[in-house]
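Can you keep this structure in mind? I'll have questions shortly.
As written, the chains take the letters A, B and C, and residue 1 is the first residue of each chain.
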Amino acid sequence: MDPVIPPIVVIKDLNKSYRRGSQIIPVLNNISFDIDDGEFLALMGPSGSGKSTLLNLIAGIDKPDSGAISVGGTDITFLGEAELAQWRSANVGFIFQFYNLIPVLTAFENVELPLLLASLSRKERREHVEMALRMVNLTDRMDHYPGQLSGGQQQRVAIARAVVPDPAILVADEPTGDLDKTSAREILELMERLVHELGKTIIMVTHDPRAAEKAHVVRNLDKGVLNNVHT
Amino acid sequence: MFILKLLIRNALRHKLRTSLTVIGIAIAIVAFGLLRTLVGVWYSGAEHSSASRLVTRNAISLIFPLPLSYKDRIRQIPGVKAVSYGNWFGGIYRDEKNFFANYAVEPASYLDLYPEIVLPAEQKAAFIRDRKGCIVGQKLADLYGWRIGDMITLRGSIFPGQWEFVLRGIYRGAEKSTEERVLLFHWDYLNETMKKTTPRRADQVGFYMIGITTPDLTAEVALKVDGMFRNSLAETLTETERAFHLGFIAMTEAIVVAIQIVSYMVIVIIMIVAANTMAMTARERITEYATMKTLGFGAVHIAVIVFGESIFIAMIGGAIGVLLTFPGARWIETELSQYFPSFSVSPGTVYLDLLAACMIGMVAAVFPTWRGATIRIAEGLRRIG
Amino acid sequence: MGIPYSYSFRNLWTRRLTTVLTASGMALVVFVFSATLMLAAGLQKTLVDTGSYDNVIVIRKSATSEVQSGVERLQASIIESQPEVAIGESGQPLLAKELVVLINIPKRGTNKPANVVIRGISARSLLLRPQAKLVEGRMPKPGSAEVVAGKSIAQRFHGGGIGETVRFGMRNWIVVGVFDAGNTGFSSEIWGDVDQLMQAFRRPVYSSVTFKLRDSSRFDEFKTRIEGDPRLTLEAKRETRFYQDQSEMMAKFLRILGLTLTVVFSLGAVIGAMITMYAAVAQRIAEIGTLRALGFQKGSILAAFVLESLFLGLIGGSAGLLFASFLQFITISTMNWQTFAELAFSFTLTFDIAWKSLAFSLVMGFVGGVLPALRAAKMNIVDALRAS
């Protein structure tokens, strides 16, 4: 860990619990750790261990009960809804297990979505989108709808959408969970390239040991407590 | 505009569901429009009647007559320009289904009081000359294929017997709203016949029509007429033609009110159907809305998309409904002419239709918009997988 | 074995909001359907009950109502002497010569005037109309300016209550009694002594002659003889038929209007049901695939979804019928177009209407659900399981 470049994500004493009916179920228990800039982190652990919850908190789509999170130098713990939204659009790229593409938009339009929130001209947006699609090798399918693409292709579009605003971090929740072996491998290679060639930081939740292999750092989450396993 | 593109494409996503909803809304708008027109027709008699002609009738009720001798006394009252008189005849043409209004009137004075009855000069003269003559409106002539010179026979209900008339003139209404399904004949013919058959019924009129010199004298003249005949054997009740018609309508008000209520219920029913559709649609798309929120779109964006889709579908249904209302009205005018001599859709009704469609879209969108806009991202993403 | 019907029922319970919305749409439709049938039935009942089958009413030929009709004294006497007229206990013919006119009276509350029937009755009129019973006060004394009012008039019109006065024919007439004739048209009338009224209105002729048939089957003989007699310009009808004809136009209008509206509304409700059921099927594709994989037949799937839709219809229909039944507390007061007279009638719920409404709701449920159910049943198992 290079002391000159500060960590891109800093988490201190994070607590989160959920209410189910009348019960309160604790999910994360005093978690503290850092993620370095350019790190490829895999979060693993048994079902219900709170991995996705932690991911959601880092990505700013959920709020902790106590503790502090700071991403790219910004403390996001207490930002309001609207501010978080704005922050997310520029700073976080999402990759979901089920791609979550908008079915009525073409691949191009899906990738363009995040850019509509920035003040760019039509021409500028087009340039960025094409670049992102080139990166994932899908320029020939720009005008296809998600329904016309395979699972692997849809996930690539999703990755293009995630990188197009040039975010500080990329978060991926089981990105290979719905893919066959070949597509899964393609996606993981793509993610590796993003880290090595473009210096992106990726935080990935996964069950898949092959996915974990590609990561630099693997952390285990069990019953809300974090352990460390190096690769 | 991106949002417009998205909501149109979303609307077209489930073609079957969207078509069903559009059809439902279109049907509702047609029904609503036709019912409003029905209510309008009901009141139209009153709306287009004059506020400067007075009707004088027996104060007890319409079925009691007034003496002919009142005519000259009414004529003397200051402010009175002209007096005419007549009887509701209620004759039946062939059978009860062919209902139209027929009156025995004093021809010259009546036609003077009704400038909206437009008759070529020679037809008017022929009518006045022939005591057994009659005139009918163009619509009535067209309906039964009558031509000048034809003999028309009416079976009297109030004045018994078979009554024959010769058609001497066909009039047009000066305005679109003028009643053209009327037959007018000579009061003298009625009276002479009564003198021979039932003398005690002779020299009696059903109503007097009074023309005023200036419209602001109506109230004054009405009071004077009634005052003149108070405490006599046939007390009068004088009111403007419009008030008279409104009085009639008020008597069947219950039915009209019921029809108005029903027309609103139509809208409510389809609102429920549309709301159901939008609710289901929104529920299915929760994950998409959550995804867009993760990308940074705000509650307002989502709200506009959901709301817009609802309004879009509703307005298409509304437009189709408006278009279909016109042929529907024509059908009613032809098939149900016994009840509705004229049934035309007014521009006001069209605006009301579109407004109703808009309201349907808005109300249907309320709950889904609120749901979509306020969904917590983590919850929305958790829905699938 | 088929899928247990609790499956269908519980699915409705799970998607409560959608179920409530769709059922509400159907409830509203059934409400309108029953309401219009009830209205037409109420109108029909009022006027039909108003007569007795064994009574005959004689009016002037071509007159469409008693108000238009005139029967001269001489003609009335001729009728009285006919053999078909029943003789009462006192040895007098059970026959009444009556005068019927309309007067304008303002309604209580709105003050808007309406035409009310005033009937001049004679000694035996009450005997001929067993449905009318005096419930307050007494009958008018002969020779006095007194009248009795039907219950509907007493309630709704100024001056109609007991002790109040109605003014007409230049005199004030005191209401000395109130009679109740149930739902019949007579409850919307004011009755007084025929001779007094003929004087007051200066009408020297009667409006109608009503009598009871000695032998009900002899009606046609009577009718032929009377209508064939050149001296008389009269026609005869059975009392029930006479009053039925008087409501014909209005009843027909209400029925046509009601039925048209119901067709339109039901289209809306069926569309609502179809949308709901299609969505239900779409949501449960994996479930359907699983059921098929487990061994349930296509027919069972079809039945389960149709059943769900029928339940939906039944829930809606029952709710609609329930609300419609409350309409029975409402009375409509309007003018009969044919007679120009005031008429009050209420919504009448008959067993016929009730079962027709429920059947209608089931039909709506069926039509709305059958196509989506077919789609569910015809699904390919493998495709269904793959979709999630």
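Keep in mind that, in the parts below, contacts are C-beta pairs under 8 Å (C-beta built on N, C-alpha and C of every residue); 3 or more make two chains touch, one makes a residue touch a chain.
In this text, all values refer to a predicted model and were calculated from it rather than measured experimentally.
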{"item": "Centroid-based (C-alpha) most distant chain relative to chain C", "value": "A"}
{"item": "Per-chain CA centroid nearest to the all-protein CA mean", "value": "B"}
{"item": "Interchain centroid distance [CA atoms averaged], chain A/chain B, Å", "value": "66"}
{"item": "Distance from the mean Cα position of chain C to that of chain B, given in whole angstrom", "value": "25"}
{"item": "Distance from chain C to chain A - Cα centre to Cα centre, in angstrom", "value": "70"}
{"item": "Chain B - residues contacting chain A, complex", "value": "2, 6, 9-10, 12-13, 287-288, 291-299, 376-378, 381, 384-385"}
{"item": "Complex interface listing, chain C residues touching chain B", "value": "17-18, 21-22, 24-25, 28-29, 32, 39, 60-64, 67-68, 101-104, 110, 112-115, 168-170, 201-202, 204, 233, 253-254, 256-257, 261, 264-265, 267-269, 271-272, 274-276, 278-279, 283, 332-335, 337, 340, 342"}
{"item": "Complex contact set, residues of chain A against chain B", "value": "56, 59, 61-62, 81-82, 85-86, 88-90, 92, 94, 96-98, 100, 102-105, 113-114, 116-117, 161, 177-178"}
{"item": "Sites on chain B touched by chain C in the complex", "value": "16-17, 20-21, 23-24, 27-28, 30-31, 35, 59-64, 90, 92, 96, 155-158, 160, 200, 231, 233, 235, 237, 247, 250-255, 258-259, 262, 265-266, 268-270, 272-273, 275-277, 279-280, 284, 336, 339"}
